[in-house]
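Per-chain numbering from 1; labels A, B, C, D and E assigned in written order.
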Amino acid sequence: MKLGVYICHCGVNIKANVNVAKLTKFAEQLPRVRVARDYLYMCSEPGQQLIKKDIEEHGLDRVVVAACSPRMHEITFRKALRSAGLNPHCLEIANIREQCSWVHEDRMKATQKAQKLLAAAVSKAALLEPLEEKEVEVTPAALVVGGGIAGIQAALDIADTGYKVYLVEKEPSIGGHMIQLDKTFPTLDCSACILTPKMADVGNHPNIELFSYSEVVAVKGFVGNFEVTIKKKPRYIDETKCNACGQCAQYCSIEVPDSFNLNLSKRKCIYIPFPQSVPACYVIDPDHCRYLLTRDCTQCLEVCKQGTNAIDFTQKEELVEVKVGTIVIATGYDLFDVTTKPEYGYHLYDNVITGLEFERLSNASGPTTGEIIINGKKPKDVVFIQCVGSRDKTVGNEYCSRVCCMYTAKQAHLVREKLPQATITVFYMDVRAFGKGFEEFYDRVKQEGVKYRRGNPSEVYRRGDRLVVKAEDTLQGELVEVEADLVVLASGIIPNKQTAQIASLLKLSQSPDRFLLEAHPKLRPVDSASDGIFLAGCCQGPKDIPDSVAQASAAAAKSLIPLSTGKVIIQALTSFVQESDCRGCGFCVEACPFDAIELREVKRGRRVLEVASVNEVLCKGCGVCASVCLSGAIQQKSFADRQILSMVAALGEEYA
Amino acid sequence: MLKKFDPNIMAFLCNWCSYAGADLTGTSHFHYPPNLKAIRVMCTGRINPLMVAAAFRHGADGVLISGCHPGECHYMEGNYLARRKIFVFRNLLEFVGINPERLQMSWVSASEGKKFSNVVKEITEKIKKLGPLTTFDE
Amino acid sequence: MPEEEWKRLVTIGRERLFPCIQCGKCTGGCPIALVCKTFNVRRILNEVLYTEGEEVAHNKDYLWNCSACGTCMSRCPKGVDPMEMVLTLRSVLVEDGEIPAKVRDVLKSIDVRKNPWGMGKDSRTDWTRGLEVKNIADAEVLYYVCCTPAFDQRLQKVPRAIVKAFNKGGVNFGILGLEEVCCGNEIKRLGDLWNFEALREKNLENFKKYPIKQIVVTSPHCYNSFIHDYPGLDVEVKHYTQKIDELLTEGRLAFTGEFTKKVAFHDPCFLGKHNQVFDEPRRILQRVPGLNYVEFDRCRERSLCCEGGGGRMWIEAFDAKDRTANLRVREAIDLGVEVIATSCPFCLLTLEDAIKIGRYEERLKVMDIMEIIDLVLN
Amino acid sequence: MDKEKLVNEAKAVFSREDVACLIGYGKDSIGFRVSPIFIRTRDEADQLFFSPLCSLSLVNYLTLEKGVLLEGNKETGGEKIAIVARGCDSRALIQLFAERGIPREQVVILGVPCRGTIDLKKIEGKFPDARNCTEVTEAEGMYYIRFDNESHEVPKEELLADHCKHCAFPNPLVYDVLLEDLVDSKGAAYSDIEEMEKMALEERHEYWKDKFARCLRCYACRNACPLCYCDDCILERVSPQWVNRSVNLSENLMFHLARSYHLAGRCAGCGECERVCPVNLPLMLLNRKLEKDIKNIFEYTAGSNLDDKPLFASFNPKDPNDFIF
Amino acid sequence: MEHFLLEKNRLNEFLSALRNYEVFAPVRKVGLTVFELITNPKEAMLDLKNQPQSPKRVIFPQSEILLVFDKNNAAKEPKGRVGQKPQVVFGVRPCDARGFHMLDPVFEREYPDPYYLQKRQSTLLVGFHCSEPYPNCFCTSVGGNPSSPEGLDILLTDLGEQYFLEVITSKGEQVAKEGAAVLSSPTSQQQTEKEKLSGMAPQKIRRTIDTEGIASKIEKHFDHSLWRELSGKCISCGICTYTCPTCHCFDIQDERVRGRANRLRIWDSCMFPEYTLHASGHNPRPTRTERLKNRMYHKFKQNIDLYGVPGCVGCGRCITLCPENVDLVANLKVIKNL
């Protein structure tokens, strides 16, 4: 057995805190080590060449790299091994950067620790075995969860490439939050005008199967072969028959708050969320429908019978199973609940509204047909308060929501446009106008006479029939009380309330801000940590529309990789059974979370007995089986007991 | 003069949460004592408590096992299975007179870089207070 | 005062300001800033951040302006506690002997007489005259009276009413009598951590001496102190409004009389903002037959401080153009209420002064909830 | 126990043609000793007996070098093995069946309700010179012992094996033939363990150090255990080497930690490990400590139900979590 | 050789006088009597019964470090082994002393074993006349005697208030000299008393077997099916071999823990399946039947062939301690009667 050890300086990242020269000397005297070298950047092309050359010249069997985390460059070095003709699994990485040089100050101690980590890696490497990687076929279809702008974009991009897409949206229509917006910053395009054509494309696309008013309830399998269960909620209307004539709604006698308009107006109990809904199909609100609740009203049914006869009260919840190769998550965001900040009086005063409510108020299809009328009056003084629920530790949202500064600027502009006489004050902590055209737009709004005052208002209260916004103008260092008829709270973005559920369904991680965690913040921003699952839009973090669209297209492109290659390599770290040691107790079978192990009969001498057997396609390589096996018969490749124990033993030794 | 006790702490970290979390600690340059040395496993469910015993036998004064938060296991339930085994094994250790505090477990997600450094600091302090484990010195 | 705690207050306290982004929400919400231009909490924090801690305290009389209402603490988006820093700076002043004369008197009184009012120790139980009140040695629930209602003749009505109500409700309670000493809430907030420590020790010793199951207090200030400043006290502490509300809910107490006035409740800061007790006083008032309950616009979390806390009972604000209690009284007049109800001895005194200053005695009264209860209980 | 009934039932078992061997208890010629005996023919069944002296478990013979018991050293085919089993033995059997150590169909169980058995070390200590014991019976909390033409009465408590004192399963939980009426059983009690738990950590440490330092690593505890039956024990392997061959406190402790951990959620409580130990290690304390915790916390009792999932292959999301950071 | 008398109450003084020796004596530990190095004579517990382990381990320890490897893989002698103090093993039963006689040729002949011999030479055995044999003792059947001085350097006989002390060897004489201060001369009456006790001792042995011709029977019936019957209850543990005064099989292992690397000699047991397991996986003694037969063959055939005596001193431990009552004497009888 011949080992090569390669120690990376990582520029100064490792070298500054670990004595690389000493480490190299140390490596040279470790058992079975044939060559030990250090280099400025091991991951660079010349660095890899060094390894390849040694493999060829010295006939190395195993390679140990002491560098950054294996989560960083394991694949890089495996490729290097492969290209030099060595099995890529004959590689062990000692993580002396993330878990050593970057976290310890004392250079001597960091070097000692690096020695131990290296010794452990070397002792494990000597026990590594070449592994075979297997390929499996990929189901040529994708699932997109969420029908907002990100989901729509991802679905269209994948479908346009020729693959089947299942798009699941929990609301009766796709469109997401974007369809509720009035104008978009900084260009002031009409949000609906640019979105509805895309929605229609989705509705008409031959490769897209839209599940609206549906939810994903179960996901099994792995990249290339996911099995997804979708729950279709009953609309009580036959999608194929309804022509959205709207007669039913005219006859319906039940009025309920219109959630599309954020309850600023009413809608009927049988309704279409908005005129351009996709699918263009009505839906019955089961919580209020008199027929469904008490069976004493059939108004809509009667009128529809005379038309397309689309209403069907017998509809039941339906579970549909689909198979896909990849998944794009685009579950979007929810608005921060401003009632948790009582100082702003949102729960008390009608003329304190959220930014999204302002969008509906300002929208031509909104409850006031686009006129800014509050409590029957046009406001004379309008105050915008920024950062409500963003950058706020007390409500657990430490992050910046990234869109509020600009949507506030846009809304201030819309007020100026619609109410030229009004005074407009924006209270801000910092104006973050970082995007293309943002700063220019901010300038423009200020030129339009919008007063920007630096200070985070502390409270809103009533004085007579007006509101007072009390704040310190921190640039003046004085307390100000600004009177207003309309206060708009720039409420921040929080992860969709179903995010945790989605995360547990798909075994995804959430970052501390509760958004879904990407595989790498810089280099894999659209991948999740699970192969074949990608993130798009605000589910991963607050974003504006162009960023969401960009990420959606990126996620689509990433998810197309396995679809178009048609094959994925299944990970090699599966379990295996040493049959002669197996006593067939079945503990591993019971413990395996993936049903990847079964008992099968074998003949041993004249005896017929049962032993465990691993299905390598189903095995995910967690190693749970190995830890419950009493006879040590089932082991995980590259993480076998003897390999782990050798590391334990090496870490226990003291090195000079 | 006695040499100041510098405990040897071994950690088994699951690849998906805690090892990634420990990497994030590094990327964020949060410092922690160098006493802890990690062994990567794919899942805490892989860890056999006998590995902990072996760690003690081979010179560890303390052992940390860290994985995904309950319900967040990359393999669905490995961390739950690990928790049960480690719980039982800690009781066994305590019963034979080995302080169970020497075997610590934590849930550290891939995003909890700060938490990981805090956990390491805390466990290092704990083990320092307990002093060297001499039971397996022979 | 252990040296470590001292270090924490001064040094670590500064570190806690590092997340501050100078957004001004503290000053924006500060009731004192409303009446007193020189007092700007945000700026104080900034100065502490710019300088090395201690010296920033000196020559800043306005540090004594803070009423410790806790508004800034509850609103800060970064979880910084600006109030705590102001109070810490006060303790630097006390340590260095830079103490206003009136405060010095209070602290001396505490040191010698264990009450801030300069009253003789022996007169602490004068308020019980004509009432039968058990000593805690024979009871389960400790009624902790507080110095202010015990000594102030105007306020003595309140503990007397509490005693009557508790007796009616069948509460097995007793008092510490002459053994009672100040809780130290105000003393700590005046920056005298040493005297506070002595009081805390004395109180804990008192509480340990008897098998106390519960402590009920008159003053929100005592309530706050026992809840937050007494680690190691593991007895349940209740404000009297909580206890009365409980008695009413359980049907052990019922109102028979009527009180046909328009009433608004003024939230004491140490009950509301500091300890989130909002509902109990309101529930009590709404049960009073005939009472027309209205709400101040600024109520609950947004309530306006009366300027009676943080030791401000003994210090006039520097550079003040008005008093917030006066503003509060004007709000009440605008609202058209006849009675401001409150449940704090300090609020009662400050608001009563404000009514006198505004010459509203004919139109407006301030009453403790217990005084109203006393009227409707018979 | 009625010897006649035992012998008759045993003979009845042999009238079935598929039973190749019956494992039972036989009286040894010297002292109070009882031996396992292997009956292969109907007539040999007369040697069988059962008394409170039958403190050993026979279950391990089912798995010990499979096949040795069967006629002509045949590999196990269709032949069945009959076995005399007490309450604890039946738990071991259930556990064995559950983990496929041997198929249920291959075992014919003659169940014996058991009132507790005598610790050989105790009775030999009391009567070291007894040559030939003829009878031991139990009534009203006393043992009536006859040997070498002498008769003695000894309080049961004095001779009862320690692990029998806390027995919660005196009756066989699984059997084909029941040899006597069931006896009253009491709930599980762990006063001995609780006492140990009250000791200071250091005190317990010293206690066990003293014990484990004596261990000879003769493997009798493992070999006698009905549930230690791997063909190739991991504790003797060289790769991975969990335990070194050296016999010293460290390695002995490793060995015993591993042994008791491997029995967590599996130990049937028969006390064999403790009985066979030549240096008197109180191994059942370890097993019972784990049994107690597992029962109290996971509501799991090994060998009580054929359908139970293995303890460590299952979990409850509500399992204890407060020891975790 | 000389005879002395030692007052029982001066035994501690006698032991204290042996300053130049490391004294091993039976001590009571966790309910067992075991031989250990004592520092205080009061620890000694002169219980001849209830010794589950023979003093064999004092000279031939269960694990013994032979070599220590340093970082450069250079081997060194372990510390403390060379030039150690002479040892006294106190309280040895005559059968166990005889056991050393059985071990000596094994370690002396062909390949003299320095580890054993060095210690053996510097060790003195002080034995006790065995007046109360165990129920399973059968020393007289294998050429022993409960009062035999064979293998001992000093033999003590319990006379009630005194010990009758016989010096057997010149090594023993040295010890007697060191402890001379507490020794006196016996009276002739005491001499007679001692001889009377010696004469009575063999009669107390209750288990006997005539071993004459056993060796040939074993050889003749090597493939008899009866062996399987005899071994049925054996569970292949190591108790019989590990407690036997004459078993001497060992294994050599290299072990590395915490950077310490040692070459060790560790007892092995022919009752373990691994004992004869070949690397190929083949095992010439695959079951307990072959193993039990081998042990008897070795003791009662092979040992006689090699050294002229059975490799058994009749201490009875393997019978008493066998958890499943595999009874050597009974088994020998079965073989004999074939």
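In the analysis below, a residue touches a chain if its C-beta (ideal position, glycine included) is under 8 Å from a C-beta of that chain, and two chains touch if they have at least 3 such contacts.
These numbers come from a predicted model, not from an experiment.
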Intersection of contact partners for subunit B and subunit D: A, E
Centre-most chain [mean C-alpha coordinates]: B
Pair joined by more contacting C-beta pairs (B-E or A-D): A-D
Chain centre separation in whole Å, for subunit D relative to subunit C (CA means): 70
Separation of subunit A from subunit C, taking each centre as the mean of its C-alpha atoms, in whole Å: 48
Euclidean distance of C-alpha centroids - subunit D vs subunit E, Å: 31
Residues within subunit A bordering two or more other chains: 591, 627-628, 641, 645, 649, 652-654
Numbers and ranges of subunit B residues touching at least 2 other chains: 54, 57-59, 71, 77, 81, 85
Chain pairs in mutual contact under the definition given at the outset: A-B, A-C, A-D, A-E, B-D, B-E, D-E
Interfacial residue positions of subunit E with respect to subunit D in the complex: 29-32, 34, 52-53, 62-63, 135-136, 206, 228-229, 232-233, 235-239, 242-243, 251, 253, 255, 257, 264, 266-267, 269, 272, 274, 287-289, 321, 323-325, 327, 330
Parts of subunit A lying in touch with subunit E, wherever the complex brings them together: 649, 652-655
For the subunit B and subunit D complex, residues of the former touching the latter: 49-50, 53-54, 57, 66, 70-71, 77, 80-81, 83-85, 87-100, 104-108, 115, 119, 122-123, 135-138
Subunit B partner contacts - residues on subunit D that touch it in the complex: 196-197, 201-209, 242, 248-251, 253-254, 256-258, 260-261, 264-265, 285-286, 289-290, 293-294, 297-298, 311-317, 319-321, 323-325
Interface residues, subunit A side, partner subunit C - complex: 342-343, 345, 387, 391-394, 429-430, 454-459, 461-462, 470-474, 477-479
